[in-house]
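Pasting the structures in now, so scroll down.
Paired with chain B in one complex and with chain C in the other, chain A is shared by the two complexes that follow.
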Partner chain A sequence: MHDRVLVLFDYVNAVILVYFVLTNATYTLLMLVSLYAVTMHSKYAARIGNQDLLDSPVTPPVALIVPAHNEEEGIVPTVLSLLELEYPEKELIVVDDGSSDGTASRLVERFGLQAADFIYRPRLKARAPLGFFYSPEYPQLLLIRKENGGKADALNVGINMARSPYFFSVDADSIIERQGVLRLMAPVLQSRIPTVVSGGVVRIANGCTVREGKIVAVDLPGSWLERCQVVEYIRTFLFGRPGWNFLHATFIASGAFCLLHRESVIGAGGFATDTVTEDIDVIASLHRSLRAKGEPYRMVFATDPICWTEAPKEVRMLARQRRRWQLGLLQTVMKHNDMIFNPSYGALGMMGLPFHAYIEAVGCLVEALGTVLIPFSFLVGAMPLSLFLLLMFLAVGYGTLLSTGSVLMEEATIRRYPKISHVVTLMGYALIENFGYRQMTAFFRAQGAIQYLTGRRRWETVRKSGMKQVAHA
Partner chain B sequence: MLLEDIAALVVWLIVAVTAINLVFLGSVVYRRVVRGRYFREKDEARGRWQPVVEQFVRWELSQGEAAARLGEAKSEAAQDAVREMLLARTMPETCDRITALFFALGAAERWGRAAFGKRAPGVMLSALSLGHIPFPARQGNRLGDGLQRMRLLSVPRAVAVDALCRLAPDFAEVFALAALEDAAGEVRRVALSSLGRNRRAAGMGPLFAALADALSKEPVEERTTSARTAKAALVCYGLEHLRRFVPYLRSPDPEFRFYVVDIVREICARESRTRELGRNDFPDELYEQFLDALAGDESADVRARSAPVIAQFHDLRGAIALRHLLRDENEYVRLHAVRAAADPGYPELLPVLLERMTDRRWRVREAAVRALSGLGPEAQQMLFREFAASLDRYESEQITEELQRSGLIRQVLEGLGAGGARAQLALAVCRRMVAVGRTALLRAFLMEDSEPAEARLMLLEAFAAPPNAETAGMLEEIALSGRHPVGARAAELLGELRGRRRAAGAA
Partner chain C sequence: MPEWAKNRVVLGLLVFFSAVGVWEFRLKPQFRPMYEQGIVLYQRGRYLEALREFERAYALAPNQVEIIVMAGWSNLKLRHHEEARFYFQRALRIEPRNVEAQLGAALVDWQSGRAVDEKRVRALESRYPDDPAVRAMAAAVRSRGGRK
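On to the complex of A and B.
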């Protein structure tokens, strides 16, 4: 029996070893590719600029769709900041998705909105609106009230009411930099190939100071949990997404900050309500629909458009968020599993999707298992010290390289943190987050995977406490 | 033995990763320090050379003196600061002097080398002879072009071409034309934008060629330019250049024709923001081309985009062509024609706009309602009368939406208290809104105590006029609200309504 257990341990440890080698190799490749793509893009964007887009009549109108559910604290500053975005022509549609707080009333009061009867033409299936609120003084702003149906449902209602050829989904607790939308649109206009998705970078606003919906001072948050998330976001958005985009294998674009072509999304069936991460699902659906039609298309990811969002401050909320993301990722890869290793989907089918399915979606179980089993095997004498050290190096040590590399990339390109102490602190957390934080999130993700496997598929609400606001001077 | 090897490997890996991490950390700190120094130097350079730049642009310093003093800017930060200050002061009257100064400082030559490599001397010579000596053609090959397209190499070239294209238009034109031969899209894009910005006749041909390339039937991956980039550059041209557009308007390719017409439309739209255009603002060939050929083009897209241009002619032939387009068989042609006819210069088209309010396509209906609501009091009165008399549900819903979106509903509600014919028309409009069930704004008005009582009481009559379950429910709600004086009147009306129902039931 003892021997059999040892053999089993050997097999499991071999699987864990292969998993970590594959993961680290892929991430290293992505880091190298991203370093090149991001550096070149930022150099070009910094010198050439986008001012001509602001003045050009060729720049198409954009609809900003804000699905909001119980966002009474942040909705007014968000809308104010969106109204002030530098963009030639925009419409702003706030969809109050059955809020039980004062989300709608705050907007009605602040912008003098009045109930109005508008025509609703549903092109995408969604719960019908209960009412529209509008003011001729703010002709770009429209508030729609509807029964709670989830974010995807709210986005579909917004798309149905939008008129612009492109739309932009914005989370109600997000802050977009003034030229953010313009910068997202720049690659769309410059592309020779019709561009259906343009994604940007999401950064963590915890610690930053906000005034009337604008970030007025960038700083790092105080707690270790939030700082680890800052490093994690930098890593994800500076070398995960640009790397896959460079390889033409975009599978994820953050729903918090993403520009989409409206007709293409309608053609793909809109945002699906059968997954909890509708933003991932819509990208896969777009690939499927456009490939089926044989239409040339492109998805881009740019690193200069930036949106700031609030990250969970408590471990409990972080756990909920990660479980939901993992559940959604699994739902999406399983829904689109016919695309995995399907050459007709190009690099996405052969590289991007297999990586997201086997490494990101299922791999968290291996990672969580490894976190427990490797030290256990070593302690019970089932693993020699050298192998233990190798596995620990692959599981923990190599990650520091990827994290510090991403902080270096942030410093070389975006440079949003003004003080040298910020960057040195981030470097410190790039090392620290690999010892504890990463393992913790791996467990949360594994819980999400187990929820999927056991059929407990529900949306877990992440409560946020709001950003640090200062009154107008 | 294997285990010992693994142990050694791990040790080496840990050492390597630690070393790389330290290098990364060192790079971050180094970069921060270097950038801090760069910006400090730049600020100092601005403070030091700003007066020199000011004196130079005010003709208080000769070019030689300015070059001698600004030539002391040796570091990258100082040179960047000088470049930015000079470019910020570039205006039509200073452009030539500043360009000459950039040449004297050696900056133009530096950018030329970065942009054109081996071709730089030839291109610079061509620029200095203002294009009289042709620049050498680029010799490309598959491998070389592939390398040149890599962003690592193309971005510095694009940045250099951008700097060169900001020089005086005579020079910028030569540099831009030479840069159009570049293998990389980024570089060509900068050159195209420059040609548009400078609006010179010689730039038009290459821009139209770039547009044709972008719309070519080649596989999309093989096209070298984005149609939007070429279009955005061509849109920069003015009315005075339109004569040269005519041959392109006669292109046999409908998609190309559509783009050219759309570019003319954008140019007209921009110019008409500052003054009203008329037939005399357009060259005869273009005027005839639009009226004789494009208004009846086989392509619906071309016809559609011709309408806004024709609307700018503001003459009888333009009105006749627009009337024809307003009744076109294609929905999008009608839509664009309706938007184009939303012009106070075409009162004779008002009846046709009214006709379009019952169009079978909602976009056209919406545009027609929007057009009428924005055409001043007379058109608005026509709109109200049409609405009050309408039996078409779709038309009524469309008008209701526009009344709310445009704020015209406010005018209607104020009209309720005005008395006379205006009040009667306003009441008829409100009755129609109640009939189509679009009452949210009307109810809000009724419940608002600060609004005039007389107008609110009159509006209440609109709710009571068609007695149905829905309006009865509303009357009950208003009656129960207890608001003075509408609450009491609502209770009375409700009583009358119930009385009539009882009488009808008894009968």
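On to the complex of A and C.
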């Protein structure tokens, strides 16, 4: 019995070792590719003049779709900031997804909206709208009221009503930089191949000062939890997504800041309601649909446009968020599992999707197990010091290198944190976030995976306390 | 065919766990030949060479108590007391009731002039009254009062 337990320990330790070696090898490849991609994009972005894009007659109109459910506190500043975005032609569609608070009435009051009878063509399946409201003062603004059906359902209603060739899903708690949409559109216009997705960088707004829906001062948040998330977002958006995009294997584009081609999304069936992360699912559906049609297409990830979003301030809310993300990721990879190691999906099928399925979706269980088992094995004497140190380096030390590298890359390219003290603080958190924070999120993600396996597949609401607002000077 | 058997995530995981298992139990160099060679060398009194074989075996199977104990005995024979102590203590952490390791740990303490755990030796003697090594150890400890 004792021998069998030791053999099992050896086997599990081998699984953990192979997992960490594979993970770190993939991250190294991604890091090198991302370094090249981000540097190249920074040079490219420096050459593109925003004014040219603003004045260009070929810059296509964009629909900004804001699904809102019980957002009465933040909806008016969000709409105001979206109206002020620099873009030649835009339509702004707010979909009130069965709010029980004053979301719709606040908008009606502030923008003088009036009921109207528009023609609605349900090209995508969604719950029928209950009413339309338009504003004579802001002709680009449209409010649609409907029964509650979830974010994906609300987005589908917005797509059905949109007239522009591209649309943009905006979370009601996100702030887009004034030229953000324009910068997202720039690579679309430059490409000779039809571009169906253009994603940008999402940053954490906690600590920043917001005035009338605009970031007026960038600063770091005060708590360790929020600062660790700042570093984590930098790492994700600079060392993950640009790399996959460069390899033509984009699988995730943040729903908070992503431009999509409307007809292609309609062709792919719109946003699905059978996963809790509809933004990941729609990218996979787009790949599937466009590959099936044999149409050439491109997805781009640009690192200069930035959207600011609020991160959870409490551990409990962070846990809910991570569980939901993990649950959604697992639902999506399981739904599209036939694309894994399928050469007809190119680099996505052979690299991107296997990475997201085995390392990101399922790997969290190995990571959480390793977090407990590695120190335990060492303490009970079932693991020699050399193996313990190797595993700790692979599990923790390498992550520290990646985090510090991404903060340095941020400073070398995007530079959204203006003070030296910000960079020094972020470097400090890049060093320490791997000791505690990362293990904690690994457990939350493992909980999400267990929720999937046990069939508890529900949406967990993440309550946010709002950004630091200042009155107009 | 059940649905899960066609799911590529599940199939990929099965391949991964099987591949690690094949490596761990079939392809990975096995410790047994080195351990047996070490035993032969030890029995011939070639302790240094035996130790090298045990150390090679230990690198492959660091949790095998039989290897750890033999590495401890070889070190003890070579008067490498600190190394011997490390191996016996490691063996005891994995398998606290291992008689060989308990005996070795007591012997290394005794030989290196450290305080011997007399209770442990007495417990060993009462449990294994007919074991000559245990009896010799107990006698030695009694004659020295357990202390230098």
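Please note the rule applied: the second predicted complex is superposed on the first by the 471 of 473 C-alpha atoms of A that agree within 3 Å, B and C clash if a C-alpha of one lies under 4 Å from a C-alpha of the other, contacts with A are read in each partner's own complex, and residues count from 1 in each chain.
Following the convention adopted for this analysis, a contact is a pair of C-beta atoms (placed from the backbone, for glycine too) under 8 Å apart; a residue touches a chain by one contact, two chains touch by 3 or more.
Every value quoted in this text rests on a predicted model; they were computed, and no experiment measured them.
In the superposed model, A:Pro384 makes contact with both chain B and chain C.
In the superposed pair of complexes, A:Ala115 makes contact with chain B only, with no contact to chain C. Legend: residue contacts after superposition of the two complexes on their common chain; A:Ile420 is shown touching chain B, with no touch to chain C.
Once chain A of one complex is fitted onto chain A of the other, the partner contacts of A:Ile266 are absent, as it touches neither chain B nor chain C. Contact with chain C, but none with chain B, is seen for A:Ala14 once the two complexes are overlaid on the shared chain. More chain A residues lie in contact with B than with the other chain of the pair chain B and chain C. In the superposed model, A:Leu6 lies in contact with chain C only, and not with chain B.
When both complexes are aligned on chain A by C-alpha atoms, chain A residues 384, 387 touch chain B in the first and chain C in the second. For chain C in complex with chain A, the touching residues are 7-9, 12-13, 16-17, 20-21, 23-25, 61-64, 90, 93-95.
On the side of chain A, the complex with chain B involves touching residues 36-37, 40-41, 43-44, 47-48, 52, 56-58, 114-119, 121, 131-132, 134, 136, 139, 189-194, 296, 384-387, 389-390, 393, 397-398, 400-401, 404-405, 407-408, 411-412, 415, 420, 423-424, 427, 431.
Chain A meets chain C in the complex at residues 2, 6, 9-11, 14-15, 18, 333-334, 337-338, 340-341, 354, 357-358, 361-362, 380-384, 387. Across the complex, chain A is touched by residues 3-4, 6-7, 9-10, 13-14, 17, 20-21, 24-25, 27-29, 31-33, 35-36, 151-152, 155-156, 158-159, 162, 185-186, 189-190, 193, 197, 214, 219-221, 223-226, 228-229, 231-232, 235, 266, 269-270, 362, 397-398, 400-401, 404-407, 410, 437-441, 443-444 of chain B.
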